[in-house]
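Presented sequentially are two complexes of subunit A, the first with subunit B as partner and the second with subunit C.
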Partner chain A sequence: MRIGEVAIISHKASEPEDFIKSVCGSIEIKNKTVSFGCLEIDEQLALHLYGMNIENQNRSFFWDIVSRKMLGYILIFDWDDQKMLDAIKPIADNFSQSCEAPIVIVANIKDQTNPPVPDEFYKPEGILLSTNSIFTFGQIDDPECARRILILLVNMLIVKMP
Partner chain B sequence: MAVESLIGFRLSERLEVFFQIFRGNKVSPIIDKLDNHAVSALQNFIWEKTVEFGIICRGKKFDRKEITRKMTPTANYQRQQGCNERAYYCKGTYCIQINPNCARKKIKEHVDIMAETMQEYFRIAKQREIV
Partner chain C sequence: MKKIVFVDNDTSYIVPLKTEFERAGFEVNCWDDAQKALDAISNQQVDLLICEVELPQMDGHKFFKKIRSIDAFKTTPFIFLSSQKRVDDRIKSMELGVDDYIIKPFSIEEIVARIKALFKEITLQNDTNHQPDKGFSGNLTEMNLVDLIQTLELGKKSALLKLKHDSASGLVYIKNGEVIDASLESLPPEQALMRMFTWTIGNFYVEMTPIDRERNINMANKELITVGLRRINQWEQIKDGLPPLNTVVIKTDLNNSANLSDDEKQLIVTMDEKNLIYELVQKCQCDDLKALELIKGLLNKGYLKATDENFSSYTDNYLAHLKEVASRSRTTSERAVSIMSSYFKSSSDEESSTDISNDEKKVLLDRRRYSRRLHDRLRDNNHIHLTKAELLLIRERLS
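After this line comes the complex of A and B, so read on.
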């Protein structure tokens, strides 16, 4: 079986876990730093989702080692909290400068039926920030929405394929 | 693609631009944190996005004058600043290098107008949803 790995990163531990639960149905392994879930696409392909929270990470976390293996990154921040955005900014810059894997940046909202801007501006493709990065709003504890975000990432990978 | 020409304009800064625009805020304060290259890149980036959102909102009715008509015409701006350079030079790419304070002042006005225009597009689309 071929396995693709995706990192889900947020300042809050609950956000990557919510996302993984939404996509995979459950968290299979969890420790202080990482939560893990698996999405089997078919008999030959699975996606491994690694949720990482940066709340208790110091600057020495080995992002360069983590990033080598990943198909892509999903960075999540709480739309209602500027501090959460500020916390993921250095990671967004680090990934965008050091690796070519696509990045989806998600502003997590509580109610996707009432987004800050009408959804025609960010759906279905998201808002392109660069060829490697996209911004979108999403309610990550909603399975349909979490899958839409994952599909955004997969679509970016497909576009990048030679 | 246009966004790829944004030398020195980091992903976090692009994100900050949208964070402020989506909250109905001005984006000109961001300019004070950027170097000259990034200021030009930010101006291009916001222009591209305003046009993109204008097309989403207005469709075929979109006209770039919806954005530019609110901006101070170049000739007027140059007169206000007592500038004798050719109008062609009054652009983010040229004057930002030789007279950054003047260029930044003009770019601040432009990016705030573009942000307001995007916010107007959001309001129009929201109204449409209600109706």
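After this line comes the complex of A and C, so read on.
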């Protein structure tokens, strides 16, 4: 079985869980800081999603060890709560400085049909921040939207492939 | 217009597909037989081939191999269509080297979206990856032309520098560390070089190769570098206070040209209805610095105005637009400005805004900088652990 792994990181435990549920349908393993879901692509290939909640964690958390073989990272923050962005920012900085895997930064919004920003800013294809990172708005408890976010990550990986 | 060749013996969906493709801005030629398609296109320029795998005479795999044996089609993007559900078959097809694999039945909207994504990928890849092996590439923000010249001068290297900035591409020829020639559109070599000095956004590729070329730039490197640095400073100073250079500007209703200099009048005459600022600089007959100054003056005097069109993916544009909208609305956009500004501000600007002390920060930074982990973990080991075929399968499953 070939497995691709993606880390879903947020300051709130509920966000990675919502995201994983949206993509995989259910959470298979859940504890205080990590949730896990699996999306079987076919009988030989699967995508494993690890939800990590950084709510009570020190900023010096060893992400580089935890996420060694990740295909990429999805960092989620609550658009309505600026503190959540402040919390996710050091992680984003750390990843972008020390890691070549792609990052999708997601501003989680409550209702994507009525985005809290003018339409022209709400771009489903995201906003390219660098060759390795994309910012996007998204409603992570919406399966279609969560999958779109994962596709953004996969597209960045495909572009990197020879 | 991108030209797409479509080969499928099932013609039931060709009419709506063709309509939708043409609506999306593609030119489409459809064939129900691979051999006929091959005969017809072998001397044509094609941007994308889409072919059903299971065809009665020549099947998709054979068609793909024949196409790839023609020099002009060695790298033309190719997509297979198929109803095959078996993963092995699909991986086998993808490992032939096709760019995508679409399972039938599909929605026409989906196939259009996939094709657009593929063209986007190809453009990105061409910009960043598709360079010969002997050399190095990077971002002009991190290393501009002056830095590149200095680096190559130190080692007395010969190289061809390929610079890309928005839609413009320029070349700089360096022989034994000395800049000897440059080309950019139809500009004279020195003017081409002067323009490229101001490019601080874009990509470069340095191809380490012997240069056998007549010298067309007579200034010594030292002088060039001095001029280059001065131009970068001046350019940045003029840019300060201007909207991003890929902002669309338009003429206003001001008709009184008595206050304008001849150069300003000339610039207004050369303008189209809508122009990106950097395009306007390129159009202007005078030196780039002067052109940018003229544009700034015309914007300040109210003869030109920036519009909110051409919203770009660049962060600075994004923020500029958010700020612009914030000035019109006091609701959600203000929030957008504060949050996004906060996010994109670099860490060094945020000494006071974070709740972590400077000492703690230093400890963390030092540990990141000097720890053995930095080298034995992420950068060296974080490879993509799946193949392109597997990534395409994942994307297909998610779509």
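By definition in this document, the second predicted complex is superposed on the first by the 153 of 162 C-alpha atoms of A that agree within 3 Å, B and C clash if a C-alpha of one lies under 4 Å from a C-alpha of the other, contacts with A are read in each partner's own complex, and residues count from 1 in each chain.
The rule is simple: a residue touches a chain if its C-beta (ideal position, glycine included) is under 8 Å from a C-beta of that chain, and two chains touch if they have at least 3 such contacts.
Predicted, not measured: the structure shown is a model, and the values here were computed from it.
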For the overlay on subunit A, clash or fit between subunit B and subunit C? clash
Between subunit B (first) and subunit C (second), which does A:L39 come into contact with in this model arrangement: first, second, both, or neither? second
In this superposed model, does subunit C or subunit B come into contact with more residues of subunit A? C
Pick one for A:I103: touches subunit B only (first), subunit C only (second), both, or neither. first
First (subunit B), second (subunit C), both or neither: which does A:C145 touch? neither
Return first, second, both or neither, reflecting whether A:L85 touches subunit B, subunit C, both chains, or no partner chain. both
Looking at the overlay, does A:L128 come into contact with subunit B only (first), subunit C only (second), both, or neither? both
Contacts of A:D93 with subunit B and subunit C, given as first, second, both or neither: both
State the stretch of subunit C that overlaps subunit B in the combined model; pick it from 41-49, 167-175, 185-193 or 293-301. 293-301
From the superposed pair, tell me which subunit A residues show up as contacts to subunit B and also as contacts to subunit C. 82, 85, 89-90, 93, 97, 116-118, 120-121, 127-129, 131
Flag every residue of subunit C that touches subunit A in the complex, lowest number first. 87, 117, 121, 124-125, 128-129, 308, 311, 313-315, 318, 321-322, 325, 332-333, 335-336, 338-339, 342-344, 347, 354, 356, 364, 367-368, 373-374, 377-379, 381-382, 384-388, 390-395, 397-399
Touching subunit B in the complex, subunit A uses residues 82, 85, 89-90, 92-93, 96-97, 103, 105, 116-118, 120-121, 127-131, 133, 135
Show which residues of subunit B lie in contact with subunit A when the two form their complex. 1, 3-4, 6, 10-12, 14-16, 18-19, 22-23, 49, 53, 56, 121-122, 125-126, 128-129
Per the touch rule, the subunit A residues reaching subunit C in their complex are 2, 4-5, 23, 39, 41-45, 47, 59-60, 62, 64-65, 68-71, 79, 82, 85-86, 89-90, 93-94, 97-101, 107, 116-118, 120-121, 127-129, 131, 147, 150-151, 154-155, 157-162
